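In the two complexes that follow, subunit A is the common piece, with subunit B as its partner first and subunit C second.
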Partner chain A sequence: MSVLTLRLDGPLQAWGASARFARRTTESAPTKSGIIGMLAAARGMDRGDDTELARLAALRFAVRIDQPGARVRDYQTARHQITKVSMPVSERYYLADAVFVAAVEGEDELVDLLDAALRAPIHAPFLGRRSCPPARPVRLGVHHETDLPQALRDEPWQAAPWYRKKHDRQPTVPLTVLREARLGENGADFLRDQPLSYAAEHRRHALRPVVTETVEVPHPDVQAAAMTTMRVPEHDPLAALEESN
Partner chain B sequence: MNRIFLDVHALQTVPPSNLNRDDTGAPKSAVYGGVPRARVSSQAWKRATRGYFKDAQLLDPAELGVRTKKVAELLATRIIELDTSIGEADALHMAAAVIEAATGMKLAAPERKTRGAKAKAAAGEEPVDETPRSKYLMFLSARQLNGLAALAIDGAADITAYLKDKDNKARAKQIADTGHSVDIALFGRMVADSTDFNVDAACQVAHAISVHRVDNETDYFTAVDDENTEAESGAGMIGTVDFNSATLYRYASVSIHQLAANLGEGLREDEPVTTPVRRAVEAFVHAFIASLPTGKINTFGNHTLPDAVVVTLRTTRPISFVAAFEEPVTAEADTGHLREASARLAAYIPEIERAYGDEESTRTWVLRVGSATDKLAEVGEKVPALSALVEAVGTSVAERMEKPA
Partner chain C sequence: MYLSRFRFNTARPGARRLLSSPQSLHAAVMSSFPHLLPTGSGSGAADGARVLWRLDRNAAAEVLLYVVSPDRPDMTHLVEQAGWPAAATTEAPGWQSRPYIPFLDRLTEGSVWAFRLTANPVHQIRRKEGEPTKRTAHLTPIHQMDWLLNPQRQERGGFLICEKPADKRLLPSGTTHHNRPHHGDRYELMVRDQRNLSFPKQGPDNTSKRHQVTLVTVTYDGLLTVTDADRLRATLTQGLGKAKAYGCGLMTLVPLPAKAG
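Right, the complex of A and B next:
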């Protein structure tokens, strides 16, 4: 098994799971549907290609919240271009200033294929909504012979410097991980973000069991500071006393 | 075809203004780098861009498709391409029915005008052309042809009955509504209803955000009632207007290959097949750079244009430079935000290109104004004017598209 890790970092992101009609909410972390959609788009898959989608949707998914961000509400009015009919006023919610690490786990071959697609995507990736382009390259890397929990423990903390400073006293930081439950695993919540079809006429999603965990990840700045401290030569005042005896 | 992405980046300073407000009347905002920022939503700037297409008359629909009376034949060919099981005669019948439903125009076989021609036709000396034609030249873009062909195939079982259905007929009309080809190919449907057919947008427009911290301000105003007498000394009206001023980072990306798929190849024989895409890209670059949302513009008169524009054409993937401003820019007392913002961008671009770019296939142009943007001079090929930038981008896009994949 291999794991592909992605960094989702931008001024705005929006990950709707149950958002419909005029009120478009966002979950507090990327959805599986959003990420699988991004990977499918990168490969240039057609919206209606449910067979190929099934292959991607079978990947196991997890996401780590590196920097939770803040919710921003956007108020939007619109009129139809041709008929000039006013549309219902809509509310769109965004996550501002958030950073996530998402990961998908599957067969080596498929994971490598998706990694290559992200290097040179056919359709450009976006963070949940088309108006939210990523601020940095999305692709972090492929990790062979590992699994989701391990890959998310190994991936360095991706939070912004200003955010890292707020946690500058701990050698490790606890980060929340939302991981797809294993078969028969207890204690899962359910989220309707398992994609079945992206076809324009009938988008369909199934429920997906999600387990919430915490991983401890090294704080890169504190670790660096600790290294500097260790370079101070050891000082033992008693050593001199012993010598004089 | 080749994969090509076009990125447009702009730094634009707006004085006190309220380009895009929320339901409380305050300018929209966001948080980035831990501090509040001014924000102009993507949909507001997209609306301004498509408005600019129209106002500046950047595009004539006739440039992007074909004008012909032989619309039925053209559509029939497209129907057969999409579904080879349909015979030529059936396709022609379906095509004529769909065009009649979509335009309300009756199609008929051309009349033979001269007595000689009529006699020859009657005697069977000349093959009789019975293909239905429209009475005047009709304009159809590739997008519209594809849409109508798909509709015809949906109703292939019984096209007459299918088109009697009110919804189906309305859908045909919607597809045939001309003049919107380019903005729908670029932006998709911004507002869709059940009769619209779907187009995946070729363009991503990011929300514009300020490169620095912005707190909204409030202007308290009073207005005099001119008809009031000396005895009525109070104000006729009082109120508040929220505003802010900002140096914005604006970003948009166009997937040229997606745009080409949406628009289709040029249908006219007298021009290169890449013409529709080239013209649409030129119009987009021009309109995105020069347009401005109109919110409260008569109150603040904030008509500005970008001080710096960087355009990149690449074959790998789009790259936004917004991270250059994650740490907010702070203004020195005598410089404003633009100088520091330009310096940040000038330092950031070579770094991100070194780490993730593909030097071989990337082309970068810079259009800039004033000494505050001096540092950006080296990040790409210098262009003196917007018109030159538009032309350089258009030419380069056409060249790239014509290269074998």
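Right, the complex of A and C next:
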């Protein structure tokens, strides 16, 4: 099994799982349908290609909340540029200043294929909504012969410097991980974001069990500081001298 | 010659008062020698040996005073003001003093030691033509290293700072990107604990206006090879560089750890 990790970092993100009609809410972390859709788009898959989507949707998914961000509400009164027709007045919610690390786990060939697709995407990736471009490359890395929790433990903390500074005392930081439950695992929440079809006429999603965990990730700045602040070397000149008296 | 060590009890106001001003600490160190009279030659015996001292601030509560002196010191007053007087016994009076001569006699040319030195690295500059030169502190670690690495200074001191083996260097040949020699990574030497001291100094009659002394001190740690044992003995007992009254110039040596890692 291999794991592909993605960095989702941008000024605005929007990850709707239950958003319908004029009130477009966002979850507090990326949804599986959003990430699978991004990967499918990077490969240039058709919206109606449900058999190919089933392969991608079988990937196991987890997301680590590196920087939770803040929810912002946009009261949107858009009008068409040319026809001047008013769009329905809608409320759109975004996550501002959030950073996530998402990971998908699957067979080696499929993960390598998706990694290659992200290097040269056919449709550019975006963070949940077309108007939310990523601030940095989304592709983070491929971890071979590992599993989701381990890959998310290995991946360095991706939060912004100003956010890292708020945690500048501890050598490790606890980060929340929302992981897809294993078969038969108990104590799971459910989220309707397991993609079945992205076809324009009928988008369908199934319920997906989600387990919340915490991983400890090293704080890069504390480690760097420990490397650069010179420790005081041992020095006991009296030990070299014989006792008097 | 004697090498002595005293540990400050940093929780005591007396310790803080002494540690806050090298001027007071110098006075306290000099008061450890009953045979030294203020009307005497000032800083020590006639043969050029003098009292040198240094503060090793290894941790917030581990502040050690090292003193190298011609006479055996009596630091009872330091223990009473800034030490642990109740813990003092006749065997362990609160400070340790050991004869330094046997150790100095063991120094042989070619031997390698780890050293620590707190010094006041300065140079003389003039800012424009015709101006008298002015003693000015080195403020960057590179210049401060340069001060100690100065070939004349090393020769006069009787030592040579060891170079790092090639596999411990971060830069391949110790050169800058302009291919100029650069000692940043070349020598077994580190500069740390720069202190920009500023404290008032009393005039000679104790009442005249106090003027401010400003001083930059740094601590060097590294490895050295003895090139001239006699000169190194003189360096260890008479000090290196300026501001010896203010805790600078005392170099101490320790044997290398069993296997330098």
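What we mean here is this: the second predicted complex is superposed on the first by the 220 of 245 C-alpha atoms of A that agree within 3 Å, B and C clash if a C-alpha of one lies under 4 Å from a C-alpha of the other, contacts with A are read in each partner's own complex, and residues count from 1 in each chain.
Rule of thumb we're sticking to: a residue touches a chain if its C-beta (ideal position, glycine included) is under 8 Å from a C-beta of that chain, and two chains touch if they have at least 3 such contacts.
Note that the structure is a prediction, hence the values are computed from the model and not measured.
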Practice prompt. Quick one: classify A:130 as touching subunit B (first), subunit C (second), both or neither.
Written response: first
Fill in: In the superposition, subunit B vs subunit C on subunit A residues touched
B
Practice prompt. In the overlay, answer first, second, both or neither for which of subunit B and subunit C A:12 touches.
Written response: first
Worksheet item: Should A:183 be classified as contacting the first partner (subunit B), the second (subunit C), both, or neither?
Response: neither
Worksheet item: A:236 contacts which: subunit B (first), subunit C (second), both, neither?
Response: second
Worksheet item: Which residues of subunit A are in contact with subunit B in one complex and with subunit C in the other?
Response: none
Discussion item. Could you list, by residue number, the parts of subunit A that touch subunit C in their complex?
Written reply: 230, 232-244
Worksheet entry | Touch list for subunit C against partner subunit A, complex | 3, 5, 56, 58-59, 66, 96-100, 102-103, 114, 116, 190, 192-193, 221, 252-255, 257
Worksheet item: For subunit A, which residues are in contact with subunit B within the complex?
Response: 9-12, 47, 69-70, 72-76, 78-83, 85, 87, 89, 94, 96-97, 118-126, 130-137, 160-163, 200
Worksheet, complete the sentence: In their shared complex, subunit A is touched by residues of subunit B numbered 3, 5, 22-23, 28-34, 37, 41-43, 174, 177, 180, 183, 190-191, 193, 198, 200-201, 204-207, 209, 251, 253, 255, 257-258, 315-320, 322-323, 326-327, 356
